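The structures considered in this document are given below.
The following pair of complexes shares a single chain, subunit A, combined with subunit B in the former and subunit C in the latter.
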Partner chain A sequence: MPTTDLTQIHDRVRTVLEKRFGDAARALAPDAELSAALPGFDSLAALEYVSAVESEFGIEVDFVADDVRYWFSTLDRTATYLRERIEDQAA
Partner chain B sequence: MTATAGTASPSAAPRGALGFETSGSTGAARRWFRLPEQMEREVELIGGRLVGPVDHVVSYAPPRHLFGALFGEWLPRRAGARVHQAWADPFAPLPVSPGERVLVVCVPMAWELLHRAWPALERAASVVALHSSAAPPPTAHGLIRRAAGRLRAHEILGSTETGGIAHRPLGPEPDDGGWQAFPDVTLLRDAGAPADGTEDLVVRGPRLARPAVTRRPPDRWATGDLVRFTGPRTFRLVGRSGSLLKVNGRRVHLTRVEERLRAALPGTECVALPLPGDPLAGEGYAVFWARRGGRAGVAEIRAALRDFPAPSTVVELAAVPRTATGKPDHRSLVAALERLPSGPRRTR
Partner chain C sequence: MNHDVLLRSSGVVSGESDLWCTYAAVRTLSWLGRTGDLPSPETVAGFLASRRNTDGGFAWSAGMTSDAWATYYCTQALAELPADVRGTTGEASSAWVWSTLHADGGFAMTPGQTSDVWATYYAVRTLVEIYGERPPEALFDWLAALQAEDGGLAWSPAHAKNGTSDVRACYYAVTAWSTATGGRGPLPWNRERLTAWIRARQSTAGGFTFQAGDTTDCLWATFRATGALARLGERPRDPEGCVAWIRQRLHPDGSFTRWPGYPVPDVWAAFCAVGALRELGTDLDEVADGVVRTVLSFRTPQGGFTYRAPGFASDVLTTSAHLLAGRFTDAGARDALRWTESCVLPNESGVMYMPGRGSEVRCTLWALSAGAFRDDAPARAAVADWLTDAIQNPDGGFGYWEGRASDMVSTCAAAEVLRLTTGEPPAAALHGIAGYVASCETEPGRYANVPGGRSTLRATLQGLRALHRATDSADGARVADALARHRVRGGGFANEGNRVPDLLSTYEAVLTADVFGLPLDAGHLAAFLDSVRTADAGFAWTPLMATSGGPLADCLGRRLELRLSSARHALPPLALS
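And then the complex of A and B:
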């Protein structure tokens, strides 16, 4: 069963960001706004981030029902969103 | 079109000119000037030839890039069409009204969004997509299949330096179909071209941009693409001149490597890059890959390339890093290679 441990989810999301943003993502504070903290994190990069997270966690984000701009704006929020999705899938 | 662009130009610009910058992701950043009449001409040419009447433009290409400026700003201004700059907030629902004639300006990432937003687009009277900047992803062909004739799509080959050079239809299946040159583009042929018919793509025309460092546009522009001509004004892309390698004595077009991988491993994103020259090992290349729902692994990648000289290294990434226009970001890929514990491996 996929883990719902928030720390592990955090680490996997950070790894996704590191592949694209390298050192800046490694040093990222969990509550930092990605658009402010990561150089080049523009709207299209945000879209790539959501796609990469979908691929990493095997989920599909609903752009209409989910508040994507909110949940994918920081590392913390993304991890919280993912934990809820994983728990929903397991229920 | 293939490069990033800047905003309004400094005092060195000709009156009314727009300044664009090539990003430097594959070389040094440079600045280019484009005149309003060149923008008008391109919009008229491509709009009239490929798009037709439009009420609403949905643009996923930021206007700081030539492609986004042309079709997300100049074309709708000329057509009196309303514009939705979808690149600014790609997660927002598409505000498409029933009966509208819609043009969608696409970079690779846009297709995933269009796939999800298709129920909204289906309400339109017609939908035309213009795609440029990098190869369309498998999602593009998937959406065209799903739309079953209700979506017409065209791919444009061009660059910040040249504007649009040629076009071809985008179909329901990946296809290495031929490109048709736009009518005001002159294709300069090389009388001394090699026997296999591969030539550099060199163009001349009224829409060449002026480099900031010169007083006038160049007489001709060598694009760096390798092509095989199939008619007086048609050709197939063979690769980039920098992507032609000789590995263990055999010629390898990295574009062909990528095509093979796309065809053999749908759902897997692959990019092939030449490795820095090694005086002992000679030329070689790396394959970067990312799962996008596919089940392939390194073994499948190597098996798919059994007819090619083997890659020196195969590097898995969470996602292929891309520039804002959707092209693979070569600098980030090279950096990923250098971060490998063993550095750029040479396994031959």
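And then the complex of A and C:
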């Protein structure tokens, strides 16, 4: 069963960001706004981020119903969103 | 009247830096040996670097696709800045430039597009001057085919067969040849006929025009003519008269204006005047301080430059967006429309993005949709003539501006402009549009932005609308099929696939459905608008972004709200990308 441990989810999301943003993602505070903290985090990068998270966790995000601009705006929020999705899938 | 309207600028200022303005400013300072006067070159470098895409090319604005024009301007301007602030342009950019090479030996503005001399010039300069690489041998055959019957050079080999020579095409082609060969290779054209054609564009007043038949000399044409002649080892027919004409464009404030009667010193006039005086071997010391002072006053907080003092730097797209969104008082709207209508060059009847810049098809559509020339039938007729007589390409399509290779966005915009400006466009022009659209069909009912490209929702809808406007031959069932393929379950439409909706695709989806009389799912559209509405009462381009996408996004969102209202306001026929 996929883990719902928030720390592990956090680490996997950070790894996703590191692949694109390198050192800036490694030093990222969990509650930092990605658009402010990561140089070049524009709408295209945001889309790539969501797609990479989908691929990493095997989920499909609903871009209209899921309030993606909130849940994918910080590392913390993304991890929380993913834990809920994983728990929903397991239920 | 235009004099005062332009001087006061009653349009809307976006406040943003512009890439072409930033390039022109940095090059001007460099030619004057004054880049050291830039107070914070790192902010200029930051603005230029922000245009870089992950494919290695650069885009006109963040989020757009890479093109040869932006890639040259960004890399060249970065190269002019101090080494410690410019960063690395990287190998990836060279690879991207090579991806625009066309099989015919010319280069295209974007990969897969038809080659034209604008793109070829930018690509060759980037390859040689930035990356130290050599263009292919086939380039010279392509350049050779640009010479038209009258001796001048045209935008492409196909344009040359039609006999459309232009001073800018001469400069871009001659400079591409000179850059590729160091000016030492065999000249691919008949020198005497080419030199004579360029020299003949000089008027008795001393300045140059772009084309035979143009009536008003301008600094841009003068710069390009003197540059082309210098690379050919030639001079204007009357060099002293040319220098005198350029000096007459010097404004009391210390910099230059574009043409006689135009009141505003702008960054392109400074760029063209300094460039032309340099080509003519004139001492620049006398004008340097005034030009530097003026150009530096065009900096914006974003890091780059705009075209004039930032508080007055209105542009047509932002102004049209405000008009279309109903954000003016009645008096303000009248002033804004008058300013928009003044954004027309002496020799080109389309509307410019910024005054003094060059007419653009999409800007013309936004301006007309916002109400420009609504009560001026001769002006509307002139716009239609500009489209069909001057800038329609030999393949029947339209590019962003004169000489640019065709694309679906511009071709659809042109079809809409013709509908707004003339009751009966020439049949040949309409058949040309239909022919170009057909060349972009990837499979029945699906279209790409350029021939051989990948089909997308927006290109498909633009193609079907262009066919509908041009020949009334499009089938509503094709529109319904496209909308079904790209409908996002929760709300809105996606340009590719059916998962990520965006504002522009959704706008074009509703617009096209209305044009073809297809039903609107109001709940589906409302859900999408909720997902892109922002806290500051604006609209984001996609549900991923928390902040407004700017005046154009706010305009499209507002117009969709009005479409959903009980009054069911019709959507203006806008196209953007």
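Here is the rule we use: the second predicted complex is superposed on the first by the 91 of 91 C-alpha atoms of A that agree within 3 Å, B and C clash if a C-alpha of one lies under 4 Å from a C-alpha of the other, contacts with A are read in each partner's own complex, and residues count from 1 in each chain.
Definition applied: a contact is a pair of C-beta atoms (placed from the backbone, for glycine too) under 8 Å apart; a residue touches a chain by one contact, two chains touch by 3 or more.
What you are looking at is a predicted structure, and each value in this text was computed from that prediction instead of being measured.
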Three-chain arrangement built on subunit A, subunit B and subunit C clash or fit: clash
Subunit B versus subunit C as contact partner of A:Ser55, first or second or both or neither: first
Which of subunit B and subunit C A:Ser35 touches, first, second, both or neither: second
Touching partner for A:Val64 - first (subunit B), second (subunit C), both, neither: both
Subunit B versus subunit C as contact partner of A:Ser73, first or second or both or neither: second
Which superposed partner A:Leu47 touches (first subunit B, second subunit C, both, neither): both
First (subunit B), second (subunit C), both or neither touched by A:Lys19: first
Candidates 199-207, 253-261, 307-315 or 541-549 of subunit C: the single one with C-alpha clashes against subunit B: 541-549
Set of subunit A residues, in rising order, touched by both subunit B and subunit C: 40, 42-44, 46-47, 50, 63-64, 68-69
Residue ranges of subunit B touching subunit A (in the complex, touch as defined): 60, 62, 87-91, 93, 107, 109, 112-113, 116, 290-293, 317-319, 321-322, 324, 326, 332, 335-336
Parts of subunit A lying in touch with subunit B, wherever the complex brings them together: 15-16, 19-20, 22, 40, 42-48, 50-52, 55-56, 63-64, 68-69
For the subunit A and subunit C complex, residues of the former touching the latter: 35, 40, 42-44, 46-47, 50, 60, 62-65, 67-70, 72-73
Residues on subunit C engaged by subunit A in the complex (per definition of touch): 50, 53-54, 62-63, 488-492, 499-501, 527-528, 531, 540-546
